[in-house]
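Both complexes shown next keep chain A, but they swap its partner, so chain B is in the first and chain C is in the second.
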Partner chain A sequence: MHEPTITLTNVSKKYVRQQALAPLDLSLDHNGIVGLIGPNGSGKSTLLKLMAGLAQPTTGSITLAGKKITRRASEHIAFLAEIDSLYSSHTVKEAIQFFDGATTDFSREKAEEMLDKLKVDLHQKIRRLSKGNRARVKLVLTLSRNVPILLMDEPLSGLDPLVREDILKMIVSYVDVEKQMVILSTHEVSEVEPFLDYVIFMKSGSVLLNEKVETLREERRINLVEVMREVLQ
Partner chain B sequence: MTWKVLLKKEWKESSLRFFLNLGLLAVVYLVILYLMQRYSPLLFFLGIPAILTHVLYMFVDLIFSLRKEWKENTVYVWMNLPLPGWQLILAKLLTAFVQLMISLGVTFAFVYLFIIRAEQLIDYSVYREFAQGIVLLKEIFIKLLPFATMLIAHSAVVLGLVAVFIFLMSKIIQPLGWLVGVLITAALTTASVLFSNTAFYAAITEWGLIRTIADIPQEILFQFGDENAVEVSEKIIIHLYAGQLVYEGIILVAMFLVVSWLFDRKVQV
Partner chain C sequence: MSLHFDHNRPIYIQLMEHFYRKICRNELKAGDKLPSVRETAVEAGVNPNTVSRTYMEMEREAVVVSKRGQGTFVTEDQSVIQQLKETTAEQQMDVFLTTMKQIGFSEKEILDLIQKRLSALENGGDSNA
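Up next is the complex of A and B:
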């Protein structure tokens, strides 16, 4: 896996009459865990979808290692949606088989190992799983893809503290921060702060800050929650 | 392995729809059989529209299939699969096509059964003067079966691709992308019909005669008593050229490439 470089040049996104993203320039070329933080409607999901090639920018261009990002960037980018997106008629085992067969970069062993640790019943239908277990399975299937970029849209949203803890543990344990870049959008700043290497703050469709967490702490001598308050206000 | 899981997933996701369709058809056919028995053997004609509606099978099925991906949010997984768009769309088309052929096969079998039953019942009914017509119709039915299957299958695939195109357009241009898709389809269909009436079209397609379907009984005489007669004496001659198949094949491939390209490059979740 090479060091990924996602470059957004003058990228904006408009849905009919609503401006979701103001024209922005952004370059992401570092492995590690990146927190995409901002209030609801700040454009986080739109930005992630654009980076995954699941939406098209209204203006500007997005490239991955110099190549225009389209849906085919899925060879290098795994996308985790905030909402339930697995085929509900599959059992957990069938979902693993599906990912294993449909993606060449999928590690079945890794998926089974994670699900075993999480004690998820492989024979249960996805639709019959609890919300927490559906979120766990969804994350396991995404993390089991051996791709340089993982985009996770609100992986902690609407989940109870135990599930959130499991999810963060899995991300930290199974992401190879030397070789992979994870961009996860979240509101739970204090919860993810210890694991973040970089942070991007967004508000009203604009990127307000894109910085290394360590640099922020050194320069401002405050924690990330306080930085967020300063930046977003 | 990739094809196996894609086709398995498509089959699983559409199986409820498919079996509901078969169940509904079975009910309709049983009702027709009952009506034939109870009222008139000539009611076997009600089976014919069931054959013709299969032209729309893939159109409806693919719209449902794509709509389901978006409605149930599985589109996030589906579109993030690291596979070319043509493969993902072809899996849907193949599944719909196999289901179409099964449904069509069942329908043909039932319609043939209706004709046989009508043949048996007609001698004991007040409509016995139609007996000869039914015998001729059975012959036509058997002779036209391969051609009708090919024509329905081809039309269904074209309409299936049209359905994919219109649906994808609705996800590319918002709002009213579907309308743009319908208008583009209408314009291209008109252009295609006009083109097919030109000498140039004839020149490029009328080569390699495969078959002339002309030995269909040219007269179906339905006697209505001694004085009235309805005579169908139109000559039915159908030439099937290799050139036509190549032309239609190229059109299908072109349509498929366009929708695959749109899917990979323009469609939005």
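Up next is the complex of A and C:
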């Protein structure tokens, strides 16, 4: 089976004086949902941006299926930014058209079907949407791309519990876990735990653990919150 | 409706128990079709891979049968369902008996207490059931 493989070799990132990522090696070659977990400032966003080709590593190299990752990685990787990334003057429908034009693998039918299920009005302006609906629209636009890798930077942050549940259920409903890999960063460990296949714990720019969640439960008989306490202490 | 899971135990096992209970209660009858993997994942609030594993384990234990291109069905074999009920009941009784012995009751006392409790419940006295 074809699997998307992201390989990081000796990758580090320095912003002026701040070391955002220590040199690290990491290989991701499994489909399914991966939780990237760690406290604020641990390097989660930096790692995702490097994998998406949106930032350049200071040292080392990152490859996707053997090819070096550049800005053009967006052909195979969808990226959900934490910041507001939609034009506020667009209507929802125009935002869909914009994404459809900007990417080659976008499914408009899928986007409209999802938004219909979520009861989001396509003619509403982005700026008039509630925060929860803006988050839903952003997620729909990401999930409507037919790409092997979806990177989501803090898709749950700042949202109320009902919207967060909606977002997690949408990911489960629309991601093909046998063919796609989703990496989502969060610090809401217990909330995402049942949805994860794999977990990566980060602290101070280093990856401390990269493991299958079910293995952790079977071998250590403890939950992710406890694992996190052990690993991050 | 999301199910509540004990995060210290593998979720696929807890999901199996959830289905087995439904089958024991006859909420899922012999030959009934199970929801698709994705439907169950969304309903229970878990990863679809976890649900696949649950379905595979239940199939290995012959409680469900998967038919190519059609889905997963509860077995039509009544003896398997009867066996499942008995095993589930035994497990529950073992847990109960262990607890009762730990708090110092003899087997005779346990039996008496059960009978007392059952007749009290029958008379509608206390409804903890």
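By our rule, the second predicted complex is superposed on the first by the 231 of 233 C-alpha atoms of A that agree within 3 Å, B and C clash if a C-alpha of one lies under 4 Å from a C-alpha of the other, contacts with A are read in each partner's own complex, and residues count from 1 in each chain.
Following the convention adopted for this analysis, contacts are C-beta pairs under 8 Å (C-beta built on N, C-alpha and C of every residue); 3 or more make two chains touch, one makes a residue touch a chain.
Everything numeric here is computed off the predicted structure, so don't read it as measured data.
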| item | value |
| --- | --- |
| Clash or fit, chain B versus chain C on superposed chain A | fit |
| First, second, both or neither for A:A81, with chain B first and chain C second | first |
| Partner chain(s) touched by A:I6 [first = chain B, second = chain C, both, neither] | neither |
| Inter-centroid angle chain B-chain A-chain C after superposition on A [Cα, multiple of 10°] | 160 |
| Partner chain in contact with A:L143 - chain B first, chain C second, else both or neither | neither |
| First (chain B), second (chain C), both or neither touched by A:P194 | second |
| Which of chain B and chain C A:I222 touches, first, second, both or neither | second |
| First (chain B), second (chain C), both or neither touched by A:I33 | second |
| Contacts of A:Q56 with chain B and chain C, given as first, second, both or neither | first |
| More chain A residues in contact - chain B or chain C | B |
| Minimum C-alpha spacing, chains overlaid - chain B and chain C, in Å | 27 |
| Contact residues common to both interfaces of chain A (with chain B and with chain C) | none |
| In the complex, chain A residues that touch chain C | 32-33, 165, 168-169, 172-173, 177-178, 190, 193-197, 214, 217-218, 221-225 |
| Residues of chain C that touch chain A when the two form their complex | 2, 5, 7-12, 38, 41-42, 44-50, 53 |
| Chain A residues within the chain B interface of the complex | 15-16, 49, 52, 54-56, 70-72, 74-75, 77-79, 81, 83-90, 97-98, 100-105 |
| Residue ranges of chain B in contact with chain A within the complex | 1-2, 4-6, 8-9, 12-13, 72-77, 79-85, 174-175, 263-269 |
